[in-house]
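Worksheet: one structure, shown below.
For clarity, chains are labelled A, B, C and D in written order, and residue numbers in each chain start from 1.
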Amino acid sequence: MINKTVKNAQEAVADIPSNSMLMMGGFGLCGIPENCIKALLEKEISGLTIVSNNAGVDDFGIGLLLQKRMVKKMISSYVGENAEFERQLLSGELEVDLIPQGTLAERVRAGGAGIPAFFTPAGVGTEVAEGKEVREFEGKLYLMEQWLRADFSIVKAWKGDTAGNLIFRGTARNFNPIMATAGKICIAEVEELVQEGELDPNQVHTPGIFVQRIFQGDNYEKRIEHRTVTK
Amino acid sequence: MLTKEQIAQRIAKEVKTGQYINLGIGIPTLVANYIPKDLDVVLQSENGLLGIGPFPTEDKVDPDLINAGKQTISMVPGSALFNSAESFAMIRGGHVHLTILGAMEVSENGDIANWKIPGKMVKGMGGAMDLVASAENIIVAMQHCSKDGQSKLLTECSLPITGIKCVKKIVSDLAVVEISPEGGFILKERAPGVSVEEIKSKTEGKLIIEGEIPEMTFE
Amino acid sequence: MINKTVKNAQEAVADIPSNSMLMMGGFGLCGIPENCIKALLEKEISGLTIVSNNAGVDDFGIGLLLQKRMVKKMISSYVGENAEFERQLLSGELEVDLIPQGTLAERVRAGGAGIPAFFTPAGVGTEVAEGKEVREFEGKLYLMEQWLRADFSIVKAWKGDTAGNLIFRGTARNFNPIMATAGKICIAEVEELVQEGELDPNQVHTPGIFVQRIFQGDNYEKRIEHRTVTK
Amino acid sequence: MLTKEQIAQRIAKEVKTGQYINLGIGIPTLVANYIPKDLDVVLQSENGLLGIGPFPTEDKVDPDLINAGKQTISMVPGSALFNSAESFAMIRGGHVHLTILGAMEVSENGDIANWKIPGKMVKGMGGAMDLVASAENIIVAMQHCSKDGQSKLLTECSLPITGIKCVKKIVSDLAVVEISPEGGFILKERAPGVSVEEIKSKTEGKLIIEGEIPEMTFE
């Protein structure tokens, strides 16, 4: 097997330049690549385009990259919960491209799967359809949407092995497996890194072929946005 | 007029055994509390879970287990986890039978607007556009009128729409209405103590009234 | 949870009528729904259209349905290894629609995922492209292909639970998970059926939402086409 | 002239460390036997496995574990299993670096024909059309001529093609040739004892000969 391990987050993100396009896994703050985000913050880069379902909160996740003005454009489905984001957007410092969540997921999956375009019903008749081809199949209208690919995709998994195989846990899976497929270079940070052969091949969610760099992260905060409990 | 809890309670009566259901944020989330225990239904969370359970007890809170509203949740036995593309494959492919979501406006032909107010900060549509374009049955939970008394059941939506001709039924604080395939809100039930006349005066779009309109009942 | 269990294969396939369109999982003889095939053989139906990557061998798998003249049309990527198949095809009793394997897989996946059409490079410039729309994306040519859906999909898994969740083993996974998504009614036979809650939700390959009927099969022969060993 | 094993052995020299490789049925399958042990490569099987190992010992034969040629196989440590849609997502998405497959004909612009002979029973293209349309590097293992002496390296394919302008290199029993981006077979190596003149006479398509053509070497 091909060994994909790198030492740490700093090494993993070392060659990410200004103005590159990144994909980042996560839904809200769940399953985000915390270590890589911290390592990016230490770099003097800017002009990033980030594909991520959400934009973090003011002081955590992608919100930290926004605070440092490293982001030029967000491609997301939902970007609430972030005052700094709102300020930059309204002042014109930040661009945002809002995409229906299922279309975002499918465009990323298509990018990884070599499908340059597909048809979806989401957004027909809405402003999302502006400028897009609409076509009827079996009596229903669909929009043509195109693939999304990135220079780097940065994902976070629960377990991984040196061959780059990944296993996710709970709803921290979300966009991570599909984004892993759509970056030219995929960087995976994991809570536990094991040797090749230690994961059951039947249980691998992301085969190592999609992952170019892997390391074991540390100090996961896993911040909770809305802590709701049954008393 | 119904409280939010009563709207949720009334919508819960629409749920049938064997259904897979996606509940939106807000009132729709409350519906789960009123689904009779003897019905076998499964709740889908579009961030990647079939089988949403109740909020966890304090000692079971797991940051790796949230719903689409980013609230910590639990899983029921028989749950399954999956990625976002698979989740919307389920939704788009028509495997989720019922979607319950909130709305800012609904038009008499079933268009729904619930994602954007021009001039205000836009947060994004999340999964709403996929859900309304895909589910075979869409029920809306909403207030009949805005805070300043404007009807939200309209001839045409004034806000940017989320999807066209998709809403099948509305449960508002005043009434239950169905969308006629030919256009128009068919009045089916009145909230307790609310008259047909009041509903009529508060519905800007075409209201279809056929025969006696019963009051809603709650067990 | 919704209980999807039926008693056995006979009950599972009882309402499959003549002239219906079926999808069947499996690659070669690996991961085929042996019990359902046997139960179909007991039924007096014909005119079936079967979507399956292969057509079995003369005396096993779909080959048995062919022998009994139950099949009108095969939609497959590779149909060798079957003399009866060849005889029926050359005599005009059987139709066959040959589709590149990746296109077949993606069309089935699209059928389950509500994607009516997509673009793929496979088959550009070949007879597979005849009558299909060709379009250029980023300098490369692609064909438009449409979804495939069926009245019934019949799949075979290793383990399953009463809620219809499925786990596959080895390369017996193949087309099974995607076909499970693309049938109006999906019938799953499993080697071991357990109660809901006994499978780890992280490890489920096919969520129960896709499965309408499930039962524990028996007497799996698992015939091997080419037994190759290292001495 | 090379034996089938020698063709496989010569192709194995094209393999680079770090590659994910799909091997077709026939001679390409033999390539695995000659890949140097110190190279880290992973073999993909399009029926759903990354990490093909050797044929199993008799006691480890598992009917649930076969390759695309339906042969029983083993898995190496670090393998992963997946479904057919995911498998071709890998192939179509360009994640598999190298495809090695057989051919009945190749044209001087890189078209390949390997799935159908009109008038004969058609078995189907399997995954070949997806593979040739997708991989960044495609190497063909083939006989230079048919049994009756007809060249299979042609100006244009006479058989129905599998893919257009996709073959990068051919290792035949007589020669190693590369396909020129401008069209033509660039002769790179001769099989031991085979002359340039013989190769020329047995290549119907345009053969490009530049400088001395070395003999192949085998360790």
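The rule is simple: a residue touches a chain if its C-beta (ideal position, glycine included) is under 8 Å from a C-beta of that chain, and two chains touch if they have at least 3 such contacts.
In this text the structure is predicted, and so the values were computed from the model without any measurement.
Of all chains in the assembly, those touching chain A and also chain D are C.
Two chain pairs, B-C and A-B, are compared here, and A-B has more C-beta pairs in contact (counted per touch definition above).
Taking each chain's centre as the mean of its C-alpha atoms, chain B lies 55 Å from chain D.
Rounded to whole angstrom units, the spacing between the C-alpha centres of chain A and chain C is 33.
We define each chain's centre as the mean of its Cα atoms; on that basis chain B and chain C are separated by 36 Å.
If you average the Cα atoms of chain A and of chain B, the two centres end up 29 Å apart. The multi-chain contact residues of chain D, meaning those touching 2 or more other chains, are 49, 81-82, 88, 91-92, 134. For chain A, residues that reach two or more other chains under the stated contact definition are 106, 109, 113-115, 120-121, 168-170, 202. Two chains count as a pair here when they touch; such pairs are A-B, A-C, A-D, B-C, C-D.
Touching chain C in their complex are the following residues of chain B: 17-18, 20, 40-42, 44, 49-51, 75-82, 86, 88-96, 134. Across the interface of their complex, chain B is touched by residues 1-3, 109, 111-115, 161-163, 165, 181, 195-197, 199, 201-202, 204, 207-210 of chain C.
Residue ranges on chain D touching chain C, taken from their complex, read 45-49, 54-58, 61-73, 81-85, 87-88, 91-92, 111, 121-130, 133-134, 160-164. Chain C contributes residues 106, 110, 113-121, 135, 137-138, 140, 142, 146, 167-170, 202-203 to its touches with chain A in the complex.
Taken together, the chain C residues at the contact with chain D in this complex read 27-31, 53, 76-80, 86, 89-90, 98, 100-106, 108-109, 120-128, 158, 168-178, 205, 222-231.
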